[in-house]
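Take a look at the structures listed below.
Heads up, the next two complexes both have chain A, just with different partners, chain B and then chain C.
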Partner chain A sequence: MIEKEKFLIVGGGSGGAILANSLAKEFDVTVINDSPNHYYWPQLLQIAFRNDYSNLYRPLSSLLVKGVNLIIDSVKKIDLQERSITLSTNKKLSYDYIAIAPGVTIDHKSIEGNEKLVNQFGDFHSTPENASKVFNIVNSMKKGTFVISVGDPYHRCPPSPYEGILLADEVFRLRGVRENINMVLAVPYPRAYPAETFNEVLEPILKERGINVMTFFTADKIDTDNKKITSLEGEELSYDAAIVVPVHKGPKIEIKPEDSVNQDGFINADKLTNQILSYDDAFAIGDASTSTNAKTGVTAHLQAKVVAKRVLGLDAKNTGRTNCPTEIGFQKGTFVISDYNHPAVKVPANTINFIMKRLFADVYWDVIKHPEFWDPIFDVYFERTEPEVLWRIFK
Partner chain B sequence: MSEKEKKVIDARGLSCPGPITNLTKAYRNAKNGDVLEIWATDPGFKSDIKAWIERTKNELVDLKEDKDKIIAVIKITAKK
Partner chain C sequence: MEEINEAELQSESIERLLNLVELLNNILKDEELLKAISNLLVSEETFLVIDRLPQLIKLIEKLTRQENLEKLDLLLGLLESLDKEILNKMGDSLSVMKKKEEAKPMSLSGLITSLSQPEVSKGLSLMLNLLKVLGS
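Then we have the complex of A and B:
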């Protein structure tokens, strides 16, 4: 019997787990994850505004198919030239192929005062504990100014700050306190939503809901004593309660050679193939890569499928497809759908899109575990909803 | 960083406002006196960069179109 080649996957999130399950028959696959659990990060928003923990995590071992090895440990070092990785226990593993998919590191320290602020009001990009603080504040605030401010344009889930402010608006309205609360969304971009076309969908919704938008405002310093946020661009914003989307950095893993990571620690991967530099046996997928794609689960999922096909000898390439479900509150939602060649489609907000978002959260675990069942379904979905096709419908 | 060692931000191929978000990332680490040169291909970049300069009060040294790209040269003067 021919011995299977060793495929190491660093990180068992959406990208890592789907890749592992897609290659279990052809390779000797080992996943290394620093937690025994696999987190569904979009659930942080549901905790923050609905106190709903239902889809937060599952044991990673329950999501991997038979034959995939799992090591619960953190990775200290990856040497692409030596084809080896070193675990926190100093154990060394060698590989024939590697995919690096450990996600991002949330860095509250990069914005002065954000550690104190997050301790007070929480956020919905870091931990369930911080998300529950948001739930407490939106359910106790009676008056004043409520701010969501973006401190880093490259954060996970591009629509999340907009979902956050609109879901907070929903909570305030349902509690009957909305008219006493001034709501502000402060963003680094020239307009409310970074993609100009999708801004045409979102800006009128924000306006209708009475949310004030500050553009070119990137949170830089927070004075928690005087309740003021100063932006990189030099302006000030006062708040009574504020959530700052924190700075995201690459994984805390020493990766050799040094030029395989950028100054923020993200791994330099080709946007079409996810290959790292000239190493045709090494890939970076998902949030940890420098890919210009959005940092979302769907990106990690599609990149994992491209890498799986490439190592099996097929010429697959990323199209840059995004498919970000975006809730706007009151049982309505839209999708941010774009690719490398088409800007975000103007998908209108409706209840069907909201239902699709909620149903996807429930089937997510099955999607991870059974790629062989879901791949043909997603192939049809992504083909029928290609941005080129949708642009003809939503002009 | 002296003017001779200006930092180039290659945002070619990124659609609007990718170039501005890349500039924002670089601006966080920049100091007064630094020179940033941004390369972009998105046509919306020209109006976005002018609006950014107006808001932040930094200096737009040059804004020109090359054969295959738009080049903006910015001197950081307004960082607090």
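Then we have the complex of A and C:
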């Protein structure tokens, strides 16, 4: 019997788990994850605005197919030259192939005062505990100024701050307090949404819902005593309750050689192949990788499929496809769909898109566990909804 | 050995079935999803459609007869070739015509003069084209 090659996967999140399940037959796959659970991060929005914890996590062991080994431990070091990794217990493992997919590290400290602010009002990009603080605030606030401000343009899920402010608006309206609350969305961009084309969809919605947009505002300092946020651009914004989307950094893993990570700790990988520098046995996928044009689960998923095909000898490449379901409240949704060659399509907001978003969320666990079942369905979905095709429909 | 494989296959199938039941359960437990689907399905418009379903089916049957499909195709081609302005003007002239139902008959010279106006002749040629397509 021929021994299978060893494939180590660091991180069993959206990207890592799909990759593991896609290669279980061909390789001796081991996933190392620092928690026994796999988290579905989009649920943080559902906790923050609906107190719904239903899809938050599942035991990772229940999502991996038979044959995939799982080690629950934290990876401390990776040496690409030596082809080895070191765990927190100092145990060393060697590999033939490695895929690094540990996601991001949330760094509240990078914005002065944000730790204190998060303690008070929470956020929906870090932990379920912080998301539940947001729920308490939007369900108790009666008047004043409610702010969502973006402190890092490279945060996970580009449309999430917009979903946040629109879902908060929905809660305030349903509670009958909206008239007494001034809602402000402060963003670092020259317009409400960074992509001009998708801005045409989103800006009118924000306007219609009475949300004030402050542009060129990158949250830099928060004075929680005087309830003021100062931007890098030098402007001030007063609040009664505020959420600042925190700075995202790369994983806390020492990776050698040093030039395989950038100054923020993200792993330098090729945007088409996910290969790290010239190491053809090493890949970085998902949020932790610089190859990611949008930090979304779909991107991690598609990159995992590209890596799986490449190690099986196929010449697969990333197209940069994004597919971010965007909820705007009142059972309506839209999608941010783009790729390397096309800007985000102007997909109108409607109930069908909201239903699609919920269905994507509900089938998520099955998609992770059974790529062989879902791959053909998603291949058709992604082909039929290629930005090139959609641009012809939604001009 | 074969028996073990058979047992393994069966246990894998049962596991897959249980996963599918879990998936379905997930969907059925999703209140927001079910609310959105109900709101989409249970609306005034859907009631109207259901009420007129027999007529709609008859209409669809007629429209999808081969000869009608060809005519519809031609008609759509014609509509695509029109710009909005001409259609607006046509609409305007039709409403004026309606208002003037009781208007005095036009003299022959008046009729000839109005035929030479560009908008009237554009509208007329469109009408003629439409009639041609409908009649073919």
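Keep in mind that, in the parts below, the second predicted complex is superposed on the first by the 394 of 395 C-alpha atoms of A that agree within 3 Å, B and C clash if a C-alpha of one lies under 4 Å from a C-alpha of the other, contacts with A are read in each partner's own complex, and residues count from 1 in each chain.
Rule of thumb we're sticking to: a contact is a pair of C-beta atoms (placed from the backbone, for glycine too) under 8 Å apart; a residue touches a chain by one contact, two chains touch by 3 or more.
Note that this is a predicted model, so its numbers are computed, not measured.
Enquirer: Considering only the touch criterion stated at the top, classify A:358 as touching first (chain B), second (chain C), both, or neither.
Expert: second
Enquirer: Just to be sure I read the superposition right, which of the two partners does A:369 touch: chain B = first, chain C = second, or both, or neither?
Expert: So A:369 only meets chain C here.
Enquirer: Which holds for A:346: it touches chain B only (first), chain C only (second), both, or neither?
Expert: neither
Enquirer: Answer with first, second, both or neither: which of chain B and chain C does A:188 touch in the superposed model?
Expert: first
Enquirer: Please indicate which partner A:125 is in contact with in the superposed arrangement: first for chain B, second for chain C, both, or neither.
Expert: After superposing on A, A:125 lies clear of both chain B and chain C.
Enquirer: Looking at A:50 after the superposition, I want to know if it touches chain B, chain C, both of them or none. Which is it: first, second, both, neither?
Expert: After superposition on chain A, A:50 lies in contact with chain C alone.
Enquirer: Which residues of chain B touch chain A in their complex?
Expert: Residues of chain B touching chain A: 13-18, 20-21, 24-25, 27-29, 44, 47-48, 51-52, 55-57, 78, 80.
Enquirer: Within the complex, which stretch of chain A touches chain B?
Expert: 110, 152-154, 188-191, 194-196, 215-216, 218, 220, 230, 232-234, 263-264, 292, 343
Enquirer: For chain A, which residues are in contact with chain C within the complex?
Expert: Touch list, chain A to chain C: 50, 52, 54-55, 66, 331, 351-352, 354-355, 358-359, 361-363, 365-366, 369-370.
Enquirer: What residues on chain C touch chain A, complex-wise?
Expert: My answer: residues 12, 16, 19-20, 22-23, 26-27, 29-30, 32-33, 35-37, 39-40.
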